[in-house]
C-alpha cells in the first residue's frame, strides 16, 4: 500500500475528485494548506503598507491505495490538476505500513 | 518508530484524546480535514439551488510513537472512535525515519 | 528523498521560512494544526464556566527534499524555531517513494 | 395629535425592531458554529410569526377592552378599528396604529429572549408551534395584566415602565421551564466544551441591543418629553454601571475581566432598568445597574450547580435581572422623578415594594406553570428535541440544510 | 416649517443611508469569500459616487423644474438655491435641503441593488463608469417621471409611495440587462458550487435593511403624521408576512425552511410593500407580503431554467417583487387609508390598475433598453469582466489587493 | 421646551452611542485575530467607565459653572440639579438631562478613538486607569474651553461645531503620545505582517460610524431645525467626497483602489467635517471632504517613515483630519449658512482662520503634553505593556482568557 499526497490548486479539487471517483477511488482526505514554491506570492496593501504574502492557498489530497492502483491515481491527478502554469503543485508517494478501518476493524487492502 | 494517522469523526476527538492520554501518549497533532468516502455527503440548498457537498468534516490525528506502543494506540483509537456507522474513518501507519525535539535537539525515542 | 515534517510555534513560521529560503529550499507546504504535548493547555472562561483547551495552535511545515539536504534543513529548523521553552515542537523525517511535478510530469529529484 | 411624539414613537418602534436581529447576533455568537443559523433563524422568524399574529389577534388580546381584568377581548381582531385616531387610554398624542406597532415590537422580542434557553437542540417545527401558543396564551395575558386598561396588576398599582415583568421575568421564567423540559445538550457538564464560536458577533449584538433599548425604554414614555429623557438617561447609566459591575465581579472571582462579561453585564443592566427607567433618578439607576451586574453574574455562576442547561443564561440574565429590576423599582421609585408613578420603599412607601413583589410572583408563577405545561404537551405530542444524531451534526444542516460559514 | 417633520425626515434619511451598508452585508454574505471585499466595495463606494453626483447634477435632473415631463432642468446644479426654505411642491414643512438629502439616499441605494447581478466577475473601473452613467441617464429620469413635479407618470396618476418603480423595478430590470451582457460566472450551472460564504452576515444585512426601510417607507410621508404611521405599519406587516410566506413555500417545495429564505423573504416583502406602503391598510399589507414571499421565491426557483446568472437574484427579488408591489398597489390602494391617493381595483377603480401597469411597463422597457445599451457600449470599449484568471483568484486580491479574512 | 427638539436630540444621542460599538468593529477588523476581543473590549468598556464617570463628575467639570475659563466647577457633581428644565445657556428647548446625556456620548467615544494607537499590546488594567485620568484631566477641560460657557476658546470665537478640536484633535494627538510612550508592536517594520484579520467587520464599523455620525453632527444643532439639516447635508457630502478622494489617491499612488481605503476615507471625511458641519455650505463640504481624503491618506502613508507605531492610524486620520477640518472651518465658514457662526478666510475674514489656528495649537499642545505625562507616569508605576510572551500569544487569551472565534 502507498499513500499518494497531492498538493494542487484549490479550484482543481472538484475535477480531480470527479476523475478519481471515475476510476473508483472511494476514499480520500482533503486538507486546506498553504504552499510556498516557485510561484511568486501575492502583494497585499493595507493603508499603503505593502505586505508580501508568500504562502498561497493550496489543497492537499491524501489517498491511501493498493500498490497496483498507484500509477493510475497519480496519472489521473497529473492529468486533471495540470494547468501548465507554475504553481500547479506536486505529488508525493509514501510507503504505508498498515491500514485499519475503524468501523469494522478490518485491516490491509480490505480496509481501503 | 511509526506514525499513526487516524481520520475520525470530529466529535470523537475528545474521547480519543482522553483515552490516549490514559495510556500515556503524551503528544499528538490534530488537523481539521475534509473526508470523502463511502459515507454519503450532505445536500445543501440556497434559494432553491441544491449543492451536493461530498466532503465531510473529519479530524486527523497524528501520533509518532515507538514501535512497541503502536498496537496499543491503534487499538485505543479503534475502540474509542467507533460508532459502527459508515464514516467512522481509518487509521494509517507509516514508517518514520527520524525524530528531533526542537527544544532540546534530542533525537529518536527520547524526542517523543 | 525524504519528507521533513516540522511542528513549530506559529510565530516561528516566518523566520524559519526565511532561513530555509536562504539555504535554497524552494518549496514547502504549511498547515495550521493543533498540538497536544507537554506544554500545558489554555484555560478559557465563558460566563464563569471554565474550559480547558488542551490543543494549542501550531504550524506544520512539510518539505520533501533530496537525501543530502535533509540534515541541513533539520538543523536550520531546529536553529530558527527554538525558543527553549516547552512547546517548541518536533521534527519528523519520513521516507518518500516518488515525487511528480504536476505541471511538467517530471519525477524524482528533478521534480522538487 | 402631536407630530413630535409620533415621530419619536415611530423611530423608537424601529429601534425596538432592531433589537430582535441584535438579540439574534448576541445569542448567535455564543453557540457553536454548527448551530449558528438555527439560532439566528429562531429569532428572525419570530419577527414574521409574532408580527402577523399580533395584527391578527395578539394586539386585541393584550390591549383590547378588558375582560375580567385578565385579558383583552376580540374587538381589535385583524386590527379592526385600529386607525389613525389616538387611543386615548394609552396616549392622547399619537395615532392608535403607532401605539399598536410599537407594542408589536415588544411582543416579538419577548419570545425571542426564550430561544437562548433551548438553543442547539430544539426542533424547528415544535419551536414554531410553541411560540404561537406562548405569545397567545402567556404573553398577551401578562401584557394585559400589567399594561392593559383594566388589567389587575395595573389596577393594583404595580409599576413596570417598559417591561420588567411583562418582557423579562415572563420570558426568563419560561426559559427555565424550557431548560427543564427540553433537557441538557449532549455532553453538557461532562467534558464537552461549549465555547462561543464568534464573540465579536455577540459584542455587536450587545451594541445593537443597547442602541435599540433606548427605543424600548425612552419610547415607553409614548412622548418626546422630559419623562422620555429621564428614562433614556436612567437606561444609559444603569447599563454603564452594570457593565462595570459584572466585569469587576468576575475579575475578582475568576481573575480576569472578560469581553463576554462586559456584553452580558450591559444586557443585565438593560434588563434591570427596564421596569424602573421612568420612575427613578440617575443615581438610583447607577445603583440598580451595579446590583444587576453583580447579581446576574452570580446567578450565571451558580447555574451549573442547579443542574439545568439554560444554554445562553436566559434565566440568569433576564429572569433574575428582571426580578431585581422590578423589586428595585419598588425601592428606588420616586414621585419627584415621575409624578404619575409612585414612591418606593426608600422614599417612604413600603407598600409599593409589596405590590412589586406581588407582580413578580404572579408573573413567575403564571408564566412558569403555563410554559411548563405547553412544553410538556408539545414534548408528548410532536416532540421538542431533534434526534441525538442531528444534534451532533448540528441544526444548521439537519434542520435547515444550510451551512453558516464557508470561509 | 415644522420641527417634528424635519426631525423625522432627517432621522429617516440616516436610516435610509444605513440601508446601503446593510445591503452590502446582505449581498456580501452570499458571495464566495474570495469576493467579499469586492462586493462590499461596490456598495460602499456608491455612497461616495452617487452622493457627490447627486449634489452636483443628479438632484437637479430628478427634481429640478420639469423639461417636457421627462426630466428636470439644471437649475439646481451644484445645489444652487437648495436652501433652508421648504420646497413647497414637495413638502411645506421641511427645509428644501432636508428633502434633497433624503432623496440622495434613494439615489444611492438604487444602483447598489444592481450590483448583486454581476457580483464576482465585474471589473471595478467599468463598474464605476457604468454607475455614473446609469444614475444620470436612467435613475434621474425615472425618478422625475414618477415623483418629479410635471413628470409624466405622476401626471397620469401612477402611485408609487416610496419607490416600487423608481427603485426596485428600475434596478431589478437593469440587473437583468447586466446578467445578460456580463454573462455567467465560470462554472455556473456546471458542477461549481456557489455556496454563500457567510450567511450570518446576510442575516445581519437583512436586519439592517428592515430597520432602515422604516425610514425609506414611513419617511416618504415627508412628515411625522398618521400617514407615516400607516406606512410604517404596512411596511412591518408585509415584511413579516413575506418572511413567513417564503419560508413556508420552500418548506413545502424543498422540504426545509432555510435561514437564507427567511432573510430573502423579508427583503421581498419590503420591496413589494414599498410602492403601496402609504396607500393600503394593514390586512392588505399582509396579503401583499404573502404574495411577495410566494412569487419571489418561485421567481428565484425558476432562474436556473432561464439560463442567465443573476448572481444574487436581483431580478427575482427586486424586479419581480417590485412589479408585484406596483400592481398590488393598483389592487389594494384605498382612499380610506390615504385620501391623497386613489382607490385600486378591489376598491372599485380598475383604472388605477391600468395606470400601474403602464408605469410598470414604461419603467421596465426604458430601464432595460437603456441599461442594456450602456452595458454593451462599456463592454465593447473598456470591457466589463475581469480576466478568467482573476475571476478564479477572486476579485478581492486581483482588483483590490486585499484579503477579507485572516482568521 | 420643544418636543421635536427633544425627540431629535434623544435619537441623536442614541445614534452617537452606537458609534462606540461601530468604532470597536472598525478598529477590531484591523487587528490580528488573536487581539480581536481585547480591541472590542477596550471600546466597549469605555461605555461603562466614561458613562459612570460622566454622571459622577465629568459632566460637571466640562459644563458646570466656569472656573477661570479653564474648567467647570463641581456644582453638578452626581448630576445634582441636572433635571428636566432646559439649561438655557446651551439650549432653551430641551431638558437639561437630554443635553447632559447627549454630551455623555461624546465623552465616551473620544477616549475610545485613542485605543487604536496602542492596540495589540496595552495592559488592560493600565488602560483603564489611563482612561479615567485622561477623560477627567484632558477631555473635560478641553470640552470646557471650546464648548463650555466661559471657556477661553469659546470666548475667543473659535468655531467647533461638533468636536473637531475637542474630540478628534484631542484624541488624535493623545494617540501620538500613546504610540511614542507605549512603543512599537513586536516585529513592526521588520518582516512581521499586520494584515487586518476581518475587513468586512471594518466596513460594517465604518457604516455604523457614518450612520451614527449624523447624530453627532446634526444633533449638535441641539434642535430639529434648518441648521441641523444643513449640518446633516454637509456631513454626508464631505464623507462621500472623502471616500472618493482617498480611494482615488491610493489608486494613483499604489495602483489599486482598496476597500479599507474607502472605509478609511469615509471616516477621514467624517472627522474633517465635524468642526465645520454647521458653518459651511454643501460645496464647501465637498471640498473639505476631498481635502480630508487626500491629506489623511498621505499622512497614513508617511507614518512608517516617522518611525512610531500608531497601530490603526489614529494620528493620520483623527489628528491630521481634525486639524484639517478645524482650519478648513476657518477657511470655508460663512454667516450665510449660520448667522450665529462667523465668516472664514474665503469669506473675507482672515481673523477667523487665526483663531482656528490658536484653538488647534492649544489643543495639540495641551493634550499632547498632558497625555504624554500621564502615559509616562503609568509606565513607570504600573507598566503599560503586556509581557513580550503575552503579546505573542495575543491579548484575548492572556488578558481576558477568551478566544474570539471557534469557527
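Each chain gets a letter, A, B, C, D, E and F, in the order it is written, and its residues are counted from 1.
We take it that a contact is a pair of C-beta atoms (placed from the backbone, for glycine too) under 8 Å apart; a residue touches a chain by one contact, two chains touch by 3 or more.
Model, not experiment: these values are computed from the prediction.
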item	value
Minimum number of chain-to-chain touching steps separating chain A from chain D	2
Chain B-chain C separation of Cα centroids, rounded to whole Å	18
Centre-of-Cα separation between chain E and chain A, whole angstrom	45
Rounded Å distance, chain C centre to chain E centre (Cα mean)	51
Contacts with two or more other chains, residues of chain A listed in rising order	31, 44-46, 53, 94-95
For chain F, residues that touch 2 or more chains besides their own	2-4, 7, 11, 193, 195-196, 198, 204, 254, 256, 258, 260, 401-403, 405, 407
Pairs of chains, among all present, that meet the touch criterion	A-B, A-C, A-E, A-F, B-C, B-D, B-E, C-D, C-F, D-E, D-F, E-F
Contacting residues of chain F [partner chain E, same complex]	2-5, 7-8, 11, 15, 32-33, 195-200, 203-204, 206-208, 210-211, 214-215, 218, 223-226, 228-230, 232-233, 236-237, 239-244, 247, 254-260, 262-263, 265-266, 282-283, 286, 405, 407
Chain A partner contacts - residues on chain B that touch it in the complex	2, 6-8, 31-38, 54-55, 58, 60, 74, 77-78, 81-95
Parts of chain F lying in touch with chain C, wherever the complex brings them together	191-193, 392, 397, 401-403
Chain A contact footprint on chain F (complex, rising order)	30, 193-196, 250, 253-254, 256, 258, 260-261, 264, 297, 300-301, 304, 313
Partner chain B, residues of chain A touching it in the complex	3, 17, 26-31, 64, 94-103, 105, 111-112
